[in-house]
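Some notes on the structure that comes next.
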Amino acid sequence: MDYVYGPGRNHLFVPGPVNIPEPVLRAMNRNNEDYRSPAVPAMTKILLEDVKKIFKTTTGTSFMIPTTGTGAWESALTNTLSPGDRIVSFLIGQFSLLWIDQQQRLNFKVDVVESEWGQGANLDILASKLAEDTAHTIKAICIVHNETATGVTNNLAQVRRILDEYRHPALFLVDGVSSICALDFRMDEWGVDVALTGSQKALSLPTGIGIVCASPKALEASKTAKSVRVFFDWNDYLKFYKLGTYWPYTPSIQLLYGLRTALDLIFEEGLDNVIARHSRLGKATRLAVEAWGLKNCTQSEEWFSDTVTAVLVPPYIDSTEIVRRAWKRYNLSLGLGLNKIAGKVFRIGHLGNLNELQLLGCLAGVEMVLRDVGYPVKLGSGVAAASAYFQNNTPLIPSRI
Amino acid sequence: MDYVYGPGRNHLFVPGPVNIPEPVLRAMNRNNEDYRSPAVPAMTKILLEDVKKIFKTTTGTSFMIPTTGTGAWESALTNTLSPGDRIVSFLIGQFSLLWIDQQQRLNFKVDVVESEWGQGANLDILASKLAEDTAHTIKAICIVHNETATGVTNNLAQVRRILDEYRHPALFLVDGVSSICALDFRMDEWGVDVALTGSQKALSLPTGIGIVCASPKALEASKTAKSVRVFFDWNDYLKFYKLGTYWPYTPSIQLLYGLRTALDLIFEEGLDNVIARHSRLGKATRLAVEAWGLKNCTQSEEWFSDTVTAVLVPPYIDSTEIVRRAWKRYNLSLGLGLNKIAGKVFRIGHLGNLNELQLLGCLAGVEMVLRDVGYPVKLGSGVAAASAYFQNNTPLIPSRI
Amino acid sequence: MDYVYGPGRNHLFVPGPVNIPEPVLRAMNRNNEDYRSPAVPAMTKILLEDVKKIFKTTTGTSFMIPTTGTGAWESALTNTLSPGDRIVSFLIGQFSLLWIDQQQRLNFKVDVVESEWGQGANLDILASKLAEDTAHTIKAICIVHNETATGVTNNLAQVRRILDEYRHPALFLVDGVSSICALDFRMDEWGVDVALTGSQKALSLPTGIGIVCASPKALEASKTAKSVRVFFDWNDYLKFYKLGTYWPYTPSIQLLYGLRTALDLIFEEGLDNVIARHSRLGKATRLAVEAWGLKNCTQSEEWFSDTVTAVLVPPYIDSTEIVRRAWKRYNLSLGLGLNKIAGKVFRIGHLGNLNELQLLGCLAGVEMVLRDVGYPVKLGSGVAAASAYFQNNTPLIPSRI
Amino acid sequence: MDYVYGPGRNHLFVPGPVNIPEPVLRAMNRNNEDYRSPAVPAMTKILLEDVKKIFKTTTGTSFMIPTTGTGAWESALTNTLSPGDRIVSFLIGQFSLLWIDQQQRLNFKVDVVESEWGQGANLDILASKLAEDTAHTIKAICIVHNETATGVTNNLAQVRRILDEYRHPALFLVDGVSSICALDFRMDEWGVDVALTGSQKALSLPTGIGIVCASPKALEASKTAKSVRVFFDWNDYLKFYKLGTYWPYTPSIQLLYGLRTALDLIFEEGLDNVIARHSRLGKATRLAVEAWGLKNCTQSEEWFSDTVTAVLVPPYIDSTEIVRRAWKRYNLSLGLGLNKIAGKVFRIGHLGNLNELQLLGCLAGVEMVLRDVGYPVKLGSGVAAASAYFQNNTPLIPSRI
């Protein structure tokens, strides 16, 4: 018996790991298999092609590494860069901070461009840095597409435009952990060199696969990159790709079958429809926050995130108590505020395999918790705002028309 | 791939089959076993005792028959009565109607006491019938505890009082399909002779076990009852109980393990807490209906059901369209109006392993559907009413305090 | 924790319930669904057609009743016969005995044709009874295709020939519980009027669906059959078939999805290949028994069963001890001897989703148990005989060629 | 539908990933959870203590890293050593070779001590190296406990004795991937400084957790080790251990619950009984190989492995064909010969949650395959030898006595 059992479903609204759909749970409910039999490589081959679709790349090379997002970060950096390389990296919240910490520990020379938490990456500074860097000392631009701690989505198309404007050859490395497969992401069109995500985010799987896509330019860079790497070395994968056996070490059989089904569900729904659904969920959440009279941690509309909303609470309330109480009384799992904004925000993750009524249940729960902790919200107000939007914008489920 | 796939969870609010909790799904995820090994009888023995707790009987004998509620009905009748026996039966909705149909086809002489749909059993008529029946020609009183079609809960304690008042020896047979394990039910205290439920209702399992409890008096009656029966014959079970092998034919191994876990969850929560939770869910639903400006099909508070609410729609709306649209647009499964009240009501099942936020998601969905079909509900109004009640009345989850 | 846990797999070789393949377990690992939504009827419609393929009937009508084999028996009898009807029934083992008991309790006039256990149905007596019955007082012939207690397969084609020879209109009712989907069975060709099986046998599902097929003649008979029936009444099903909603009461959602997958697996393998596989498993088992110097309970080759082998043990050994020890020491589940042959035989079930190496593991286990109980078997002898046969006769797995 | 479906169970006898017991599959069949809720840290805390039991350490510190064995290797090395450090490493097969390759790529100065494949580590050379190394330039001894490619178990107690003899302070790093939880392993007693295994080996889980235990001396070394590391850095874990939140990044919820159950099964059986079971399985396999007239790749009894047996085939046979055919015809998964011994050996993995009859089924299958490829094995001979051993040595299953 689980020792924290509560009746009914847990309402999982942290921004990862997210809800796993039943067909994926079913697909993973299986014994191990010999990964050297013909079956697993055959499945892997197709998966490697199919994951590229969620990155919107046809020219990239994909890697499915048995690791987390942190490991995928490390893979992106160590395969393309050498110790001492200068990189520009944007600090806008806890996850970009952690990535920068990793970059520094991996001995890159990191030009940190910091913004206030709640703002997006300062691309003007990027522009000026690139303008100055006629010697091309900057080897890479590292940016999170969506900062999970603050609910801020950066404008990657704009990053590309700036790079192009200055004809700067720096690699363009993107953390897409809480964006890919949920937000509009276009690896090839935006000239992203390495993009990555984790299985437990919008793909709605358990943790365990770090998915990394490398552009031809990134692959080329990997040939001369001097960062020490073994487990995360793309070359070991490429060697086994050539052999047709695909795996330098044992993959999780269950996650491969799970990924197969997760992709099938996404393709059946249609990637654009998946993105549109996230857009609906994000917009509805923001309307609810507004109706509650609370502020979004994200300071400007241009950065609004459709996968996570960080909600600022009044100074007299500790947001940690909101998260604690949601779990203890309503079986609702919300995200904590992290680091600088600990106690000041709580987060609603609205990504992955999720629908409108699930979110409305969550919003109704948040309203009750807000009252529990002394914020005089009008019960039903956020739900009303969100459902008005849904009622006007939710399409029929295509398979049921 | 399921051909009617929609993203996110299905919101299952029909009054059966109901949501299965994850621990129960896990328990059932297993290969078959030899039911003649020592393991299955040992488990069965304990289960037979433990199911009696949800009937609140210590004197009864329990049967777990591989069948549905309809089969459990048949088992209750054929084991205790003989063709031609006079019985009093209350027609108050579709399920009592179906039971009466079965009673008639099994060749009992059925005294049907009909009420308007939306009202409870007319116990005044019962009293007068018993008063007149000094010859004790009435062999049994058949009554549904909770009529699932109309959301009407009958007063069983009152039935017992009337029987006692007239010192009438008639058997007291109760369909507890949508009540037992969710509503207050007291087999021994109320002198119920046969009570029954189905695994797919408040126990929150798949369909497949008809659980029947028989009082000593009912067991005694079974010795002389002349109704033909084989599959449903209690004697075959009793014979195997004595042998210690328990099963006259092959049970579902998966359902036995599922039942074990379902009972464990109920006992961990506490049966009284389970009943209190249903009371909260029922009350909140009724408050929402009121806030929507709609009428409960149940005509008086005395019969309000805490497991299912049938909602009357205005004459210009077809409730079938509500159910259809809920499923097609919001992945919400509601109950149809049946028979006489088809098109006139839709039903919200709020029984089984379900919590407050799940129900609030459902209520938010109903509001959107109501607008979809042209009823000018104020969005958020029902949710507000329900959550105000919940916010005042929901206890902390004990395991998380 | 299961209280009889032993490391490794349980080796399940009882003749039912049998091993469930992983894809079927996966398919059943799901929440309940509204069975009145469009999805379940759509799936049911196709299933009702597809199950007919394993009966080899195109003219029959199929019923998937939430019950066991015993319930399917009752459905076959009560829908086609009236109390007092004369039927001929063959007693050749425990399961035919139980069916006859049911027939008698249902008030038919049963002409029991008994054979020694280990022999097949005495069809000469059938011929003489039919020859005498010029008045056609015999309303039905009831026969088990495969007697699970003794491992005896009756010759149904011959039954049909005899009926035809005497142009006798008696209904031909067949218990195919341990044959259909494993042995050659031809409902239409053999003019079977009602055939039935249970989900937990060769279909390799959990217990819970009694599958019954009725010929047009049987359906016609059901219109006048006077046996009392409600739960098992085909008419209730036919009514809902016409409505397109298919279910008179709640089916098991899990078993429907499980059946879908079970049939998919059978059709992928090919029904004829499934039957050929059972033939290989049966033959190999018999070769092992011979190599052990033991006798098959089945007295003549013409009746050998490819789904279950009952093995006679020497008089100084109690076969119950073999079964007990197999489970206690080797995690091997064998079938007990039943009734008359209790203690004298143990049974190896070799039906359902099973392959050669699984059976060889079982046979190796039986050898060790035989030595444990004092029978001087030569270890490896049965395995050698069986594997010699397999090595010559097992085809490559088609999907892997 | 799996595109390489074959009827019945897959017989999985590669030396990893291995068979997952049903209770573990059940435990992992669950939705994601918030790993920052109180539940996951509470579970993690106990798991970190409990995994130490299978290493037989009370003084060690454990890490459960979301990675494979290769990642666990990297964690062991980079946390304790600095680039340029001299280490002694034993090359005795493919997996020690791969580890050495990793050591070299991580820029250690590797003193490779090579043995013929089929022999154990040459500890005499170790002794002489240590004897010479009075300056203590050797910083670590790296050794695989059990070389999975050849089925060779090294004598770790002897390594410790030699280190002690020369009072050499080198760290003692052990790859226990195919030994821990199956072979006798004593971290504290043998003074092992870092030991590691992977979840998909004897623990019988899916791939995904690299479990590493570090002695106090290893932890001390980690404070000065200069190898670059982030994802694999123990310090990040230690920081979160102190905070009581335990995870520097997202763990797999499913694997945590799976590990909980895997450990429960092991503790219920008793770790010593688990090891004894592996000893039985190993011994029986070797007896079968002998009976077949084939040679064990392992050249001397002192190195026999109880988790994997590599079988040498006659020169006129390609062992790859044996593996291919086993899978294609008998649904049997055997291990390939790797690198130098490709084509020359096939491997039988007999580790993890496995019992006697499963192995006998495998052995029977190997016999048939051997005949298929032209080796004149006497069918049943290996099974006879193995089952004679089992019949004398297998205890009753304790829970069933």
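All chains are identified by letter, namely A, B, C and D, in their written order; residue positions are counted from 1 within each chain.
Simple rule for what comes next: a contact is a pair of C-beta atoms (placed from the backbone, for glycine too) under 8 Å apart; a residue touches a chain by one contact, two chains touch by 3 or more.
For clarity, every value in this text was computed on a predicted model and none was experimentally measured.
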- prompt: Shared touching chains for chain A and chain B?
  reply: C, D
Query: So which has more C-beta pairs touching, B-C or A-C?
result: B-C
Query: In whole angstrom, how far does the Cα centroid of chain C sit from the Cα centroid of chain D?
result: 44
Query: Per the centroid of Cα atoms for each chain, what is the distance between chain B and chain C, given in Å?
result: 34
Distance between chain centroids, defined by C-alpha means - chain A, chain C (Å): 53
Junction residues of chain B, two or more chains touched: 2-4, 19, 25, 29-31, 38, 327, 400
- request: Flag every residue of chain B that touches chain D in the complex, lowest number first.
  value: 22, 25-27, 29-31, 38, 400
Task: Show which residues of chain D lie in contact with chain A when the two form their complex.
output: 2-4, 10, 12, 14, 16-20, 25, 28-39, 42, 66-71, 74, 83, 101-102, 105-107, 198, 200, 206-208, 227-233, 248-255, 327, 333, 335-336
Message: Quick check on the complex: what are the chain D residues that touch chain C?
response: 1-9, 11, 19, 21, 23, 29, 264-265, 268-269, 274, 277, 327-332, 353-358, 360-362, 364-365, 367-368, 371-372, 378-381, 383-385, 387-388, 390-391, 394-397, 399-401
